[in-house]
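Next up: some structures, all given as structure tokens.
After this come two complexes, each holding chain A, first together with chain B and then together with chain C.
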Partner chain A sequence: MTGKRARVPAAVLLIAPSLVVMTALFAWPLVVGVGQAFSGPDGPTLGYVRRMLDDPYFWPAVRNTGLLIVVLIPIQFAFALTMALLLRERPRLAGLHFYVWVIPLAISDLAAGLVWLSVFADRGYLNSVLDHLGVDGYAWLSYQNTTTMFLAVVVAELWRSTSLVLVIVVAGLQGIPKDYDEAAAVFGATYWQRLRHVVLPQLRPSLQVALILRTILALETFAVAQALTGRSLPLLVGETYQWYNVLQNPNVATAIALVVLAVSMLAAAGYLRLLRDRTAAR
Partner chain B sequence: MRRRRWQRAAVQAACVAITLFMGVPLYLIALAALSSRASLNRFPLPLLPTEPSTETMSTFLRSTGVTGGFLNSLTVGLGTVVLALLVGVPAGYAVARYAFRGRDTYQLFLLLTRALPIVVLSVPLARIFLDAGLYDTTYAVMLLHTALALPTTVLITAAIFVGVSHEQEEAAMIFGASPVQAFLRVVAPQALPGIAAAAMFAFMLSWNEVLGATVLTLNQRTLPAQVLTTLADSPLAYRFAGGLALVLPALVFIAVMRRYLLNMWGTTLR
Partner chain C sequence: MTNRIKLHSGLSRRGLLGLGLGVAAAPALTACGGVSTSGADGGEGSVNFLSTQFTQVEERQRFEKILGDRVTGQKVAFNAVDPSAFATTVQSQVDAGKVQLSLVGGLHGELAPHASRLADLDDLLGSLGDRGFATDLTDLAKLSGGTTKYVPWMQATYVLAVNKKALQWLPSGADVQKLSYDQLLSWLTAARQANGNKPVFGIPAGPKGLYHRFFQGFLLPSFTGGQVTTFRSPDAVTAWQYMKQLWAQTVPASTNYDGMQEPLQRGEVLVAWDHVARLRDAPGDKPDDWVMVPAPSGPKGLGYMLVVAGLGIPDGAPEADRAKAVVTALTTADVQVDVLRQNAFFPVTNAQLPTDLPGAVSLEAAAVKAQQEAANAIVSLPPVGVGARDGEVSQIFKNAFKEICLDGKPVQGVLDAQATQLNVILDELKVACWRPDPAGSPCRVA
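After this line comes the complex of A and B, so read on.
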């Protein structure tokens, strides 16, 4: 009994430093940030928020960020699921394939942007290949070609960030007992029926985690677009960077950052609610 | 039977296609960064390493701020590892071993902090560090990266300590070891590979983080921050060389960490 009582303070002692560090570096900046965004030299003000809303780059940045999430995430999840299911078939050289597929886990978004810049640049590798094939090149990243510019960012992000979803899905698949799947196969279910009614429902917790994480991270996409397009394709976090580093206005920068935070929290709460409701209804 | 064979072939082909999609860009950035300036100016670009040259790479390494940025990245990365482990390992141990009140709340708090966008922290932190006289130092970036790496460090180390047998630790204590001795002699050796993995994770996070490092520094840029802030006025060759310099550690990292990846990003996230 005495032993148990002595343990509680030990545990608290052990986690205390981490609590202190995280409060100091997460909670405090949040409070300061709200202050920066909503108070000026003469007390509370909405001036910075208004300046943010009036900026000609703000709404395009909101639209592009939203569009990126809506386009990227469904493709990305389909891609990651395909990869995980392919690995489940135990192809030859599975280890090598898996290694190459997860390399981007450790590649920063800036580096990914630079990698794809070598492909999409006007005199880059894609146009070189086209030239070898006798096709005229195309200005993929020109500000006049908004669609291809956007698609280049989507491809680069797909390349870089799908590995995160893949790893979560593969780990999830490993945790599923094979019995159900085999039983369904014995009773004559086709591959697609088993996928739809046996595997995917059991993968739901993993997919839920991946979905929340990826949505939040996609909201923060910035350096890829910066490396590929500069400010031609404004994104929300890129605008924070612009306001802070180039326009030297930390107040408006924080206001935009708080928008990103609010949307992240809304998205996370929304997903949790949506996915829980469905489970409850079953 | 023939259908089965056909399916196997299709699976193999799909795997190869995906590997090409993931691998070819890496080949291309290496090719670009290891070409001479003259051959980068040619069009169409050669697709095979016909004239390998270290010219582009060495010009990049000699540019202003690159060596300094490299050293700063290294300092910040190692500092982040030390701080994150010092603070995170004890917490991970507590989460794994003790059923204390508020443990679930604590774990939820960890998950929540992972969801905070870096950008929300960086700009106010710049103000705080300005007041504290830490702005534009490697310490400022180190602290930010520690905060970012800490939740994952705690979750990973907790998962590792759960896997180390508690009985052996208790046996050591019955034979007269103090809790600290039991930890150092019995638990630490078994947990070491996992802790090394957590350390590499923290280093990689720090090496790759660009926005916070850019916001918190002016002269003490880390390598990615240096590359980002000079992006607009630098020639393509510089950008390609910077790309390769940032990508190379990733290849090594994944090769070393392959065993731990699923644990790290997969299971501990829940």
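After this line comes the complex of A and C, so read on.
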């Protein structure tokens, strides 16, 4: 009997390592984080959350982060899909194109931010080109020009992170058997009809993964925006950095981080629901 | 071609985040250094000297050379650490009764929390009567108690750097050495009009700029006579309304400037306010084209911020007598001038300045002296006793600037909201007010 009780099911043994890792690296920090955000030296408090909400940078940061996701992700997916479909047509030097397009994936966020800073800075490449053309330069990244500042971040992020979506979509496309597409073509479907009714539905799992990944990563946009705009265009993760590092208040920093976490989880759950395959019989 | 060169300056203005990350890592590394060397380094009979100043490698090496050359007779093991490592080291060693440090050096605000852990130095200060310390400084060194807790070591402040090109627009009757804030504004307004509508004035309002010290130590004390207690008073509203007008005559790119010497060198700015160490290279090799002048005066007087560092001896220091000898050596005229020449901190004594100082340094020395000796001077200190919360306290002043000057929100509303925030921080800290506010405890916005 004792021998029987000591037997742990194989499944538990198999998932034990990942459980330990998840607990140590995710669950425990999460618990500590919640504790840090909601308790001060005098016990539980909402003081840190209130300070976060009262901070003049918080709501602009929420707005900018939200706006960035709404603007960035559709453009990014349109680009990535177009690029992937172009590659699918097997043009000459397709391999080379693919490698060139995924180069940004290999570049660090910060380096990308600094490269784009050298483009958009007051005396950067863009203004130099304008100057050569006889047009007066423009302070793209000035706090007075919020729109161009935002657009600069969108362009930089678009350049930097579209390749991630591209890689996922290309991988997804390669997994789709050609037969369906050819069959549809035989029956006289146009390119758009085949794209709409044959390719995209089969791409759904890849798109779902890419959407979740990209939305979470867009919520965490930090280094690119930090390099380009500093705190002139506050974003949520930039604010956690500001509170933790510059203002040295880890409690408020954690409170903001928890907001990012909550929104990420909501977004992931939302996508999973939204892109659920309703045809699949369960 | 020129664009390429300019481009680099544009890059460096953002402080190159990479560098920023390096800076972020540095305290961690220096903290390790402090812990590992505070006990073992010097060995028997040497003076372990822990300092929050000269943490930067070059500054530290130059200061160690001064120590080696000028402080003969004593072996000094100099360690420079960041303020939080300093605070924990001093606190833990003295409170545990295992003191290995014999000498500590830090800014007034960094020494103040350790008043009870520092030995009385009245006798030492008395023996240094010939040094000619300003009474302002020796009063501060009492740390609000009755006895001297540190000996003044060196000082710095903030002044205005003026390119002589801008002097032509000075309003008639105004003396650039004794400006009022109103004269400054009409001068800058006239200069802007004459300069093709391009502003000539700049402040270091970038991410790593020290512009909050302008509000804390210059603008608000000059207009309100206080820094914290008067934060939302009617006088403060006047001050911020003035600031709004001043900002309208300020180069908008100021929000990118971490220090003013580069924009001054490039000619983007002709008149700028900044820390003396961050203005030192502005004149370059043409000091004759520049003047450095004291900050302007407001309705209440000439508010200026004094950054003063002092030397203290912890209670129970193993080599207290040798440490006193080191303090004596560090306050001699030769060492004071060496430190000025090498590391741009100004003498706290009446040391005669030699005539062969670098051009910019002697310009600054004149301005620092004039500012300190002004009859209507109001001395302010950077927040005292707030430790690591200095960033948060200062952020309140930056927030007020952002909301009032950049976002154009109504002054009183912003001040009320920020005062509430400031009181939240101060209520947690429960510290006494620092100059120029009356020393009431705990410090709060009225």
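Here is the rule we use: the second predicted complex is superposed on the first by the 255 of 282 C-alpha atoms of A that agree within 3 Å, B and C clash if a C-alpha of one lies under 4 Å from a C-alpha of the other, contacts with A are read in each partner's own complex, and residues count from 1 in each chain.
Just so it is clear, contacts are C-beta pairs under 8 Å (C-beta built on N, C-alpha and C of every residue); 3 or more make two chains touch, one makes a residue touch a chain.
Quick caveat, the model's predicted, so the values are computed rather than measured.
Trainee: By the touch definition at the top of the document, which applies to A:A61: first (chain B), second (chain C), both, or neither?
Mentor: Neither chain B nor chain C is touched by A:A61.
Trainee: If you stack the two complexes on chain A, which partner ends up touching A:V199: first (chain B), second (chain C), both, or neither?
Mentor: neither
Trainee: Now for A:Q144: first (chain B), second (chain C), both, or neither, which partner does it touch?
Mentor: second
Trainee: Touch check for A:L117: first (chain B), second (chain C), both, or neither?
Mentor: Both partners.
Trainee: Would you check which partner chain A:G175 touches, where first means chain B only, second means chain C only, and both and neither mean what they say?
Mentor: It touches chain B, and chain C stays clear.
Trainee: Once chain A of both complexes is superposed, is A:V260 in touch with chain B (first), chain C (second), both, or neither?
Mentor: In the superposition, A:V260 contacts chain B only.
Trainee: Can A:Y125 be said to touch chain B (first), chain C (second), both, or neither?
Mentor: A:Y125 contacts both chain B and chain C.
Trainee: Quick one: name whichever of chain B and chain C touches more residues of chain A.
Mentor: Partner touching more chain A residues in the overlay: B.
Trainee: Scan A:V153 for contacts with chain B and chain C and give back first, second, both or neither.
Mentor: neither
Trainee: Using the superposition on chain A described above, determine whether A:Q226 touches chain B (first), chain C (second), both, or neither.
Mentor: Touch partners of A:Q226: chain B and chain C.
Trainee: Where on chain A do chain B and chain C both make contact?
Mentor: 110, 114, 117-118, 121, 123-125, 128, 131, 223, 226-227, 230, 245
Trainee: Mind listing the chain B positions that touch chain A in their complex?
Mentor: Contact set of chain B toward chain A: 8, 11-12, 14-15, 18-19, 21-23, 25-26, 28-29, 32, 43-45, 47, 86-88, 90-91, 93-95, 97-98, 100-101, 103, 106, 109, 113-128, 143-144, 146-147, 150-151, 154, 179, 204, 207-211, 214-215, 224, 227-229, 231-232, 236, 239-240, 242-243, 246-247, 249-251, 253-255, 258, 261-263, 265-267, 269-270.
Trainee: Taking the complex as given, what residues does chain A use to touch chain B?
Mentor: Residues of chain A touching chain B: 7-8, 10-12, 14-15, 17-19, 21-22, 25-26, 28-30, 32-33, 36, 82-83, 86, 89, 91-94, 96-111, 114-119, 121, 123-125, 127-129, 131-132, 159, 164, 167-168, 170-172, 174-175, 205-206, 209, 212-213, 216, 219-220, 222-223, 226-227, 230, 237, 240-241, 244-245, 250, 253-254, 256-258, 260-261, 264-265, 268.
Trainee: Which chain A residues qualify as touching chain C in the complex?
Mentor: The touching residues are 41, 47, 51, 54-56, 110, 113-114, 117-118, 121-125, 128, 131, 139, 142-144, 223, 226-227, 230-232, 245-249.
Trainee: Once bound in the complex, which stretches of chain C touch chain A?
Mentor: Checking each residue of chain C against chain A gives 3, 6-7, 9-11, 13-14, 16-18, 21, 24, 206-207, 252-253, 255-256, 388-389, 391-392, 395, 399, 402-403, 406, 417, 420-421, 424, 428.
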